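Just below sit the structures, each encoded as structure tokens.
Look at the two complexes coming up: chain A is in both, with chain B in one and chain C in the other.
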Partner chain A sequence: MRVKATDTLSSVARHEKTEKRWYVARLTPLAAFLTIFFVAPFVILFMYSFGSSTIFELKFGSNFENWSSALTDSFFRTLLFRSIVNGVMVGVISVLLAFPFAYAITLGPLRKHSEFFLFAVLISLFSAYVVRIYAWRTLLGQSGIINEGLGVVGLGPYDWLLFNREAVVVTLVNVLVPMAVLPIYSSLAQVDPALIEAARDSGAGTWRTLYSVTLPLASRGLNAGFALCFLIAAGDYVTPQFVGGIDGQMLGNVIAEQFGVAFNWPLGSALAFMLVGAMGVVVALWLFLMRLLKFTGPLR
Partner chain B sequence: MSRRRTNGVGTKIYCFALLAFLFAPTIAIVVFAFDSSGRGTLPFESFTLKWFRQIFDDQVTVKAFQTSAIVGLTTAILAVVIGTLGAYAMYRRRTRTGQAIVAAAALPLAFPYLVLGISLLSMFHALGIKLSLMTVIVGHLLITLPAVLVTVNARFATFDPAIEEAAKDLGASPWRTFSAVTFPLIRPSVIGGGLLALALSLEEFIVTLFTTGSDSTVPIVIWGQMRRGVSPTVNAISTVLLATTVLLVLLARQLTGASLSSKRLDE
Partner chain C sequence: MVEDQGLTAGFPAVSVRGLRRSFGAIQALRGVDLDVAAGEFVSILGPSGCGKTTLLRIIGGFEFADEGRVLVDGNDLSGVPAHKRPVNTVFQRYALFPHKTVGENIGFALWVARHKKADIKARVSEMLRLVRLEGYEDRAPSKLSGGQAQRVALARALVSHPKVLLLDEPLAALDLKLRQAMHFELRRIQAAVGSTFIYVTHDQEEALTMSDRIVLMNGGQIEQIGSPIQVYSNPATRFVSEFIGEVNLLAGEVAVVGDERDGSVSIGVQSGNTKIVVPHGSTVDVGTPAWTSVRPEQMSIAPLSTLLPAATNRLEGVLESSVFLGAFIRHLVRLRDGQMVVVQSGVQGQFLTMQPSTEVAIDWSDSVGVLLCE
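Moving on to the complex of A and B:
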């Protein structure tokens, strides 16, 4: 039986049409979910920042007081500054700790054992974050392992190990290093070792090779690693709550409080958007700095 | 030559030291879960299982494990369905809108969990939706979808289009092509993605805290005991949670590793 050309054409067109319909059907659940549970909540939270609240009720409105107190109150400014500085410190330290590790298991001496090390990092990443904060509180406490250990050599116990900013930074770095290792690992895994050999062969020393070849090639991973660690750290409030003490409190604590006992959602919402805005500025600055240092990645 | 060798040793020591730093706190927790003193400090008195017995006698903790299981499994199943459909759509046809939607699914990771939690709480409140396990699951989906999408997308990146073409040429309908040909091939990655989603859901704390009604998940019980000071059962509960996570990640890795090596089959 011969198939007429027109038949084939119309069947192709029909096929194209069903294919398109299937495509829309497959994407719809994801698109609908994100619109309803990601975009809409943000819009509503933003609307609340112009609202007002009493002990009994919460109203939408066009009230700019929350924003003006969020932006002008020096208490909030201090906490915002601390959140951002802590976040940047955690992000930078995590990337600095993660890079040599990721390098060693991709291009360095441990590349044959990358499976094991990567798996260990994954386990660490998925270990419950509340548990790790709790662990640090017991480790750093007056009668914790670290003080006990110092006691053996005749030092301590020191009570300043816990309940301060440093404890917050150490705990967050511990929780977030895996978050930096993974993206750096995946960008370094795509680097052709021949490029690094070539740099060495043309007389570049270890540092020069690192600066002009390896770091630019790993820039995507460095950016993603920094951004993830920074965003999570600067927005955290559970770590400061448990190991931060009074001096370690961050803006997240105040925001969480407004949605809890203080019941001032409008103020909490304004503060939350202020924090998110400041985070955006920091990430943009980081990207700018990377470009300034010519750490821009391979074109893909 | 000798210098290079010493450099290698330094790097190796560094890598093990970093792993030690990462794992020391959790290992301490696990060790003290078996200590009869229950103080969470040295010296280790004697080995006991009484804290584990105690948590399984405690109704609140048992209930929390059940709640976590329900939330985790429901989240994983829904995330797998929504995520796999999305990844499959992207594999079949790359349009700008489609790419934008899949990229948008990763956006929740760019916001602090605190902000995700309060925005969901705001919406549920504004619409008069009562907080329940359903609202918790919604929050968990937001966080776990990227993991499923990444895992399944990675599988499709090495998927040979000729396989589906062949099925179609043999007269299979789109549904049959997917169910009889495509799905069996991507199944390990789909299950792997689901296990990662389950692991993420079991340990999630911040979004849960803002979206839960009267139910407590395991991390919330841990948090509650932490707030009341050092309770000897926290170590045991944490150990059970950590052991579950290790198992899930191990399984997921095994499955997705298998899908990566079956790449050769497609060629």
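Moving on to the complex of A and C:
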């Protein structure tokens, strides 16, 4: 904000007021959009979780049956646990894969070709999600490329490659890893290479430098990358449907069922909010862990 | 033209031998040799792209030489990674860790070396006292001014008492007043810690005010090594004479060579229609093309119409302009052969108010000036 020397105090104050008004005005469109299309449905859905349903209609109400069955039924609990564990695995593996890659193309040996490599990762986003899941079916299936290849050397075919939890995790990591690469890339791209040199200059070897300088400065990207991958993976129901088999089903599949064939929206929304709550706890734990490791960004 | 002095007995603190480094087709260093004595303050001075930063980065271990060696206290550092070298660097844009407090930044090297907490704390406050920032331990680097950040960077680099401190244009981002204050600060701090300082700069004033010796680099090579007075008053090459301070270079050809007396030979140079006499360290063949370099403050100026004293060296021309600069006046004169000459005169002297296009005579003594044959 530039202020002329001739401005009186009151005109400065007026100027500040106008600035503030503009600030609010710029926020309004997005705020309105999110209120109408996110907050409102969210609230309505939450209200449904206290309602009931018959074959023909949904009713709001104040019964806690849906919540008590969601929280106490061991079937739901098993699936919730599986969703969370799968989500955490996908999030952690994606970050572990994305970080070395993002480091190599920002501060590492491939930094001169960062645009090419970043594009190579993003290009996988060009193909539809379902197509990529199908691709994994053809890779891991009984007559898939891996089993065919093993057949050449006289092994297999193995049926345990597909239709289980591991297949779900592998597929989700493949689908979601660009979501981890992008934020980690952008946080590492802002790190001044001189900081890495300064750490080495002070006697820190490769691991010390990584732990005490690079990771803390990349923490925002690590947080965003983990959260994106984890949240999408833990809430997913398409991947388990295609490559999960019976053992690979997650809570998302049951929730989708409640809103679909079962037409039990109240139970569905209770389960959905239970999942949201658990996700919130996991993200909070992640942030706590990052703080514990002192992986925090620049001081203000 | 390398002239080397000031080495004490034993190993030099830093020894650079035959360093070469190319980046693709660009030769950043083309065979550099340098010895720096323990406790010395040496500036590496040169225009951007002269290889000075590459030289510093090779000593620091951030860049590798194609050929040649770096020795610290007689130990070859080839193959020793940056984090194991007994040298520390102050980086150009401070490079303070933004996620650590001032105290954590300064104590970082000690933390890496697993010193005790109390020990680190004591040393950090000692360093803060040294750079005059007592009580700043818990500040965030983003809350520091440029000058303060620079001091913190200096303290961080000095905390483990390095034998050699490398400084890569550390004051470049500061404004003039602050920079001048930091010149004295740096010398004071160097005297206090006793480390060898190697200071890279493109600012000749900085090099002149702070250094024991100046290393002048150009095009990946060392042009001259000497004390500030030596490089200023006795430049070895045309590049040095032009790079340090303002200078008048008069083109000519050696016409007369006098007898040697007290290690100095009087050389007569034919420059256009005038003959110039200049002292030189050795005899030169008659007919050699040569430049005569004379500083503006070594010349005097007077209107041709006044009664002029006898002078060996006199150029005649027309005054183009005079600019009053407070402590002195700067006159720009066009010589009869078209060359431009700058003369500086004190404000106490005569002829302060000459009109442009006045015919003037420029005189200087035959004991000043430098002959540069190339």
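Keep this in mind: the second predicted complex is superposed on the first by the 267 of 300 C-alpha atoms of A that agree within 3 Å, B and C clash if a C-alpha of one lies under 4 Å from a C-alpha of the other, contacts with A are read in each partner's own complex, and residues count from 1 in each chain.
Methods note: a residue touches a chain if its C-beta (ideal position, glycine included) is under 8 Å from a C-beta of that chain, and two chains touch if they have at least 3 such contacts.
Quantities reported herein were computed from a predicted structural model and do not represent experimental measurements.
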| query | For the overlay on chain A, clash or fit between chain B and chain C? | reply | fit
| request: Check whether A:Pro178 is in contact with chain B, with chain C, with both or with neither, and answer first, second, both or neither. | output: first
| message | According to the stated criteria, A:Ala204 is in contact with first (chain B), second (chain C), both, or neither; which is it? | response | second
| chain A: partner with more touched residues, chain B or chain C | B
| said: Which partner chains sit in contact with A:Asp192 here, chain B, chain C, both or neither? Use first/second/both/neither. | reply: second
| field | First (chain B), second (chain C), both or neither touched by A:Phe242 | value | first
| request: Go through the superposed model and pick first if A:Arg26 touches only chain B, second if only chain C, both, or neither. | output: first
| Which partner does A:Val168 reach: the first (chain B), the second (chain C), both, or neither? | neither
| task | Scan A:Arg137 for contacts with chain B and chain C and give back first, second, both or neither. | result | first
| task | Scan A:Phe38 for contacts with chain B and chain C and give back first, second, both or neither. | result | first
| field | Shortest span in Å between Cα atoms of chain B and of chain C, once chain A is used as the common reference | value | 6
| request: Using the touch rule from the top, collect the residues of chain B that touch chain A in their complex. | output: 7-8, 11-12, 14-15, 18-19, 21-26, 28-29, 32, 39-42, 81-83, 85-86, 88-89, 92-93, 95, 97-98, 101-102, 104-105, 107-116, 118-123, 125-126, 138, 141-142, 145, 174, 196, 199-200, 202-203, 205-206, 210, 219, 222-223, 226, 230, 234, 238, 241-242, 245-246, 248-250, 253
| Can you list the residues on chain A that touch chain B in the complex? | 18-20, 22-23, 26-27, 29-31, 33-34, 37-38, 40-42, 44-45, 48, 58, 97, 100-101, 104-105, 108-110, 117, 119-124, 126-139, 141, 143-145, 148-149, 174, 177-178, 227-228, 231-232, 234-238, 242, 252, 255-256, 259, 265, 268-269, 272, 275-276, 279
| field | chain A to chain C touching residues, read off their complex | value | 192, 194-195, 197-205, 208, 212-213, 216-217, 296-300
| field | Touch list for chain C against partner chain A, complex | value | 60-62, 81-84, 88-89, 91-93, 95-101, 108-109, 112-113, 140-142, 156-157, 160
